[in-house]
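Letters A, B, C, D and E mark the chains in the order given here, with residues in each chain numbered from 1 onward.
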Amino acid sequence: MRRAVIAFTAFLGGLIFLLAGPAHAGPADCQGLRGTLKLQGQPVNGAKIAVTTESGQPVKEVTSNAQGAWDVQVDQIGKYRVTLDVSTLPQNSEVRGGNNVRTPTVYEGNCSTVLFALQPKAAAGQPPADTGQTTFWEQAAQLTFEGLNLGLIIALAALGLSLIYGTTGLTNFAHGELITLGAVIAYTFNVGFGIQLIPAAILAVIVSGGLGYAQDRLFWGQLRKRGTGVIAMMIISIGVAILLRNLIQFFFGAQNENFSDYNTQAGIVVGPISAAPKNFWAMGIELAVLIVVGLALMKTRTGKAARAVSDNPALAASSGINVDRVIRIIWTFGAAIAALAGIMLGVSQSLKFTMGQDILLLIFAGVTLGGLGTAFGALVGSLVVGVFIQVSTLWIPPELKSVGALAVLIIVLLFRPQGILGRRERIG
Amino acid sequence: GGDTATQTSPSAAPASSAPASKGDGTLTLGTLLPQTGSLAFLGPPEFAGVDLALKEINEAGGVLGKPVVKHDTDSGDTTTNIASQSVDKLLAQNADAIIGAASSSVSESVIDKITGAGAIHFSPANTSDAFTTIADKGLYFRTSPPDKLQGRVLGDLVVADGNDTVGIMAMQDSYGTGLADQVAKTVADGGGEVVARVDYDPKAADFSADIAKIKAENPKGIVLIGFEETAKVVQELVKQGLPASKHKWYMVDGNTSNTNYVDMPKGTLDGVKGTIPGAAAPEEFQKKLLGVNPDLEDFSYAPESYDAANLIALGAEAAKSDAGVDIAAKLMEVSKGGEKCNNFKQCVDLLKAGKDIDYDGVSGPVEFNEAGDPAVATIGIYQYGSDNKYATKALEYRTGNIAG
Amino acid sequence: MDWLTILTTTVHAAIGWETVVYGLAAIGVNIHFGYTGLLNFGQSAFMAVAGYGMAVTVVFLNLPFWIGILVGLAAAAVLALLMGIPTLKLRADYLAIVTIAAAEIIRLIFRSVYFKDIFGGSDGRRGFNGDFYAMNPYPAGHYGIGPFGFDERTMWFLTVGWAVVLLSCVVVYLLMKSPWGRVLKAIREDEDAVRALGKNVFSYKLQSLTLGGIIGCFGGFLYGLYNGAVQPDVFGTEMTFFAYTIVILGGAARVFGPVVGAMIFWVLFVFVGNTLAELVANGYIPFMTTIQVGPIRYALVGLGFILLLVLRPQGIFGDKREIAIDAR
Amino acid sequence: MRDDTMTDSLKAKAQAAFKDLARDPGVPKPDPILVVDNVVRRFGGLTAVDVNHVEIQRGSITALIGPNGAGKTTFFNQLTGFDTADSGTWRFNERAMNGVPAHKVARYGMVRTFQLTKALSRLTVLENMRLGAQKQRGESFWRALVPGFWRGQEEEITERAEELLVRFKLDAKRDDFAGSLSGGQRKLLEMARALMVQPELVMLDEPMAGVNPALTQSLLGHVKDLREQGMTVLFVEHDMDMVRDISDWVIVMAQGAVIAEGPPSTIMSDERVIDAYLGAHHDAPLSEGELEAQLHEAEAELEAEIEEETQK
Amino acid sequence: MNAVPESQAAITDRTAHLEGAAEALLRCDELIAGYLPGVNILNGSDLYVKEGELIGIIGPNGAGKSTLLKAMFGLVNIRSGTVLLKGENITNMKAHTLVARGVGYVPQTNNVFPSLTIEENLEMGAFQVPGKFKERFEFVAELFPALKERRKQRAGSLSGGERQMVAMARALMTEPSVLLLDEPSAGLSPKLQDLVFIQAQQINKAGVTVIMVEQNARRCLQICHRGYVLDQGRNAYTGTGKQLANDPKVIELYLGTLAKA
């Protein structure tokens, strides 16, 4: 990382010598070639430049002026060869990359700019000037960090999904919209009412929890009462997703938005990683919530009751568990956690009405990879998905990064059909 | 579109004879413009342009003696199937010409359907090179210049600013990759080096890995080609330590927006340059647009949309028919060679007087070549200020031939 | 208000290309999910490989249309094997996720820059339906009564499309009445029991996946032929979701369920959308702009499905008793 | 009821084969249909099955008994390919069967039922039955398309299914969904369906648990019929009356291993078996007096305990 | 089954029921209930239990015994008829509220939480009285020592009999005043079957009212005070345990002669 820092300083200090043409130097009726030679920000005077046609017919030779600028007007449009005479450059300087020939094209009524970037010659034995590039390992570190960042958000979202799935057996395709909704509510408090983001987020999580409660009370609970099957509910959730998503779009619009706080926060450099302070905070919060909820599910009475309800609601009722109440608690928490995930996603990326839908598949992948219905499975699976997505871009084009993660999902399930932390059912 | 392409592909030949025109006396226009999706921010100016033109046309007495009818539909973006349904609806409403779509990809997905039905497909904003050679039965037109020109101007701008190392972040579609190719070529010719090029998926959940790839090469100039998702890219650039204050950023028509970045911290985009096809729209024209839609913030492609509607109307007058095929046959004629005029009233009066006209629009001289592309066009270079908005007055306009 | 357009587009939607294409996709899903209990959420992948198989063969390899169809069919069959062999041993809900993932992988590969030369990146492929329309026996003109009717191209398309749909229905009817279909239904209920009775569950699942995939694949062909283009993003998860919705609307494990479901689906979709657009355009809904019609239409459609499914969870043809059994 | 003398004579014939056998676990049988060697299955630290050697006599009715958790069901799972044994080999009709997938096991003629029943809920009872039949022509994809190929066979199958349903008192339910059956009816269906396969060896896992005693009794006659038809029956059961009534040979498992074998009469008096499994009251239901005594005993214990508690 | 048999046990008739039910702890009157729309499984069943009684219900498979228990416990929707507990109308009341009123229930099938450990299963049994868990756990662990050893094993991996133990133990975790048992002895080894019957009797002696459905009918009739024979959703016979066990008609139709011994 030190190298990267040095690189920037170097860049700023103009250690690299440039030669640039002004954006609009020539007259409007310019037709030809032009450029400006600069070394360490200083114009280079008296460098010789020869222009020939593509086939080598000399056209004109010019010398750069006091501003470092040169200019060749031509009559014929087409391709030309421009050669910089390196011997006329100041001592100890060279063309970056070593190539001193350019082959630009001149178009009718336009001037094309030709650039020769100059830099001081590296003294013999000294390493070449630092270009500020990052090494493989620095990239890997950065990507791992990004992977954890993404993975934790997915995990949080997955936790909400997994809670609801675990308790009610509902594969909720509208979970993405719960995520979006949380973010949009926080946005409304934050941008609409001008509340600082942290209290706005807390409010939004509470409101979303309430909405989750209401959703079960008024909708899913009623369906359960009517004996609607889980598959039918899954399909209904697709309808809910379409409804919510488009309502959100109606009110929120189709564009990307950002919270008014922590928006486009400048990165800070920590070791090999460059990240915004908000990322670190978000990851801390996410991890804390995940662990607390996971433990609560394993250890508390309501947590166990939730798992009992998931196994067998009738038997749970027979044991004295108020099934509806447990499910409502889970819905409340599930929606609240989904909202938090949405807010975190909004903080780390930006808000859009499809933000939840866009990561839904990754959430499902995380939940499934970890083992359906297990809270810690969701965490593990999501982290694997997140890290894999980002780190795989070291080898595959970023546009295909999801392919890598999804392929891992399939491969892992081939060998562990019950997911990483899932358990096999017994037969017989 | 090139009729040549139709002929070289034998399999398409039997279908290439456009179905019989179904002129019914009323010129019916359909719009297929982004109300939703990743170009939604460009919907309002485009709709406004068409609306304004229509208002003027109908005030001037309509076409063929009847008021022009218009139906608005949404083009969505490529991730939805909206465009296809919209086209079905428009065709069911007997649209003679369809104005849209904005995105080249969306247009590509419906062009066969529209031209197959014998209607004109007229885009005010498609800049992808693909349309120059597409098989379109001679029914595809556009008022926006193919990206050859924009790519050239942008590439030259990047080089002229002294960026010897350049990174390109391009949205992965026909527009994005085509434009990126053109920029990359120009930059390389001019002496710069494209050290990193990432074609990204605009639907990606985040762009950290893509930016990491750019960062790895630490380029001096960074060209951002995309639509609305560029806002996310910008955030990621800032986060990973490649802000506009240290690197030079360049944008294009798909993301040079006055609405998408305003909520970012002051100065985030300070000094960023962007190119948008189209000449300076006269103040007066912008005022008229605001009369149609007072909420407009961007004006991109409003002139092109306005010109598209006018040209179709003039074509119909010239052909004395409202059938798509007939209009298409006259469009080239009304766009060049003849007595110059620059609004519908003026032109239609000349036509009625039996004169050959040359419509010069707000977006430029609009002279169609054989492919239905404008032959000459202007690209404006804009610059952002510290308020993250660009001045609607360009730094500079460059006019050039598309060909060459 | 342009009631006529609303009416004609709605009537057209009931028998139009969407109904054909999505109906076929849903017939396939019905075989997978309705009869066999396979939660295959990758139906769009079958349609995609079919559409692309045909498009790439015609456009990229310059081979004739019929070869394109064969390539598409082969691609769908190969996909069934590739997807089935590793995944069919998974529990239902795991299978769902894995098949979504597989379909997304395929879509992402189709839209990748890396294979742009072959598949055309995110813009996909176009310009391959010439041969199909060249075979059109209908002379140019308008077919139908008054405003209801189609031009000769659409007529040709719909003739072929509905022939395929009906043929698929006949095949499904015959199969599901037979012992073969009985094995599938038994697998849906409990595969271990079926195994214990000496049936090769895996082989039947694979047959089911292939058959449903191939029927879906015709949906892919027809999509491409009608629209004249295939693009990766239309073959996304949404398409599969719609197919499932259609199956449930019509009634799972019912021969004509998917067809009727598709009709309801598209009638609702088109009617809501166009009515709303007209209402707004004519100023009956003053607080909405035309731009907001898009989302509200989808929202209403979503709401419509919810209501239909809530009010008639067994679908149009479904048996209420079947739903009551083992609700969980 | 069947003719008692006839079944009795058949029983005698079957038992003749066992007459001179030693009573040791793993004793070789004259004509074994199934030979099992060293089958081991562990779950984590728990060894659920560890069977050294066991043979099942062809044409006999063999009972497999043992305390809960002895590993009987797990043993069935290994033999029928529903679970993978950690080690071991077994041969069915001289054919090595380890690693053979479940459906092939069934096709070779070795069919099992499940203790926790597996009704095919949304198929009717009759369809459940039909599914059991083997070698159905209509089960191949192409032939299924042409009803002519399988109609005739289907009718035969249906006939057979209906006969069995009458026997199992399920005929009234023939067109109901199997998912709507009561617990006991599911057990019956499970067994009837397995018989549709017409296997050589049928392995029944607690077929009569939860079945009404009167019906059980009439079904025992049917099971004896199976033996008459040359079928071999291996069944797990906790109902000693039934074991005593129909089995020719009894194998006892405890903690995964076979601990004893023998004819029912002798095995029930085996000390180890009584200890591990039968308990004190195995041969007859508790008489009234015994019950009283038991109760008093328990009460006394309880009181003592309470006293203890209060004293503390 | 319509022929009137000659028997000691009375064919159920309403007057006898109404007489006996007057001072009952729990009574059902003319229950009609079923699962599927339009199909009644219970066709007017009557039943009463006095405080401290042990009642047995027997009958052929599919008679509706389990359905009757479920109906009383609020798990099947009652279409008409009433269920009264201590004079309070509890018809169609939710199961968990009945648990709070001291009713316990062991289902016939699906009677454990497969993904919970044995210990957690039992914890769920004591859900409404978490404070008592420790004490009661020791109690059931003594009854079924196998459970204590395996307390961390997930119930889903247990054998059939082991599950049955867990189910029984779960119901014993609370100290219910009325206990509904649906075939508690099914799948258990003879030794444990004894235990279950003795336990049922002991619990009953301790003052708990028990209603028990059993296919181990002889054993059941032996220990119960009164018994009902259910057939096709109706009470067919009723009487004391002894009467029923010795009734020739009941023997022929429901008990069989196998276990006569």
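What to note about this one:
Following the convention adopted for this analysis, a contact is a pair of C-beta atoms (placed from the backbone, for glycine too) under 8 Å apart; a residue touches a chain by one contact, two chains touch by 3 or more.
Values in this document were obtained by computation on a predicted structure and should not be read as measured data.
Between chain A and chain C, the least number of touching-chain steps is 1. Here the chain-to-chain distance from chain B to chain C, counted in touching steps, is 1.
Ranked by how close its C-alpha mean sits to the mean of all protein C-alpha atoms, the top chain is C.
By count of C-beta pairs in contact, C-D exceeds the other of the chain pairs C-D and A-D.
Note: centroid distance chain B to chain D, computed from Cα atoms, is 77 Å. We define each chain's centre as the mean of its Cα atoms; on that basis chain A and chain E are separated by 59 Å.
Each chain gets one centre point, the mean of its Cα atoms, and the points for chain A and chain B are 28 Å apart.
In chain E, the residues touching two or more other chains are 35-36, 157. Among all residues of chain C, those that touch two or more other chains are 108, 111-113, 192, 292, 294-295, 321, 324, 326. Shown for chain D are the residues that touch two or more other chains, namely 73-74, 82, 114-116, 180. Those residues of chain C that touch chain D in the shared complex are 171, 174-175, 177-183, 185-186, 188-190, 192-201, 207, 211, 321-322, 325-326. Contacts from chain D toward chain A in the complex involve residues 73-74, 76-77, 82-83, 114-116, 205. Only residues 169, 171, 173, 223, 226-232, 235-236, 238-247, 249-250, 254, 313, 361, 364-365, 367-368, 372, 397, 399-400, 402-403, 406-407, 409-410, 413-414, 417-419, 427 of chain A touch chain C when the two sit together in their complex. For chain D in complex with chain E, the touching residues are 43, 66-74, 115-116, 169, 173, 180-185, 187-188, 206, 209-218, 220, 238, 240-242, 245, 277-286, 288, 291, 294-295, 298-299, 302. Note for the complex: chain B touches chain C at residues 9, 11-16, 19-20, 35-36, 40, 43-44, 47, 71-74, 76, 78-82, 84-85, 88-89, 92-93, 104-105, 108-113, 116-117, 130, 134-135, 172-174, 177, 199, 201, 203.
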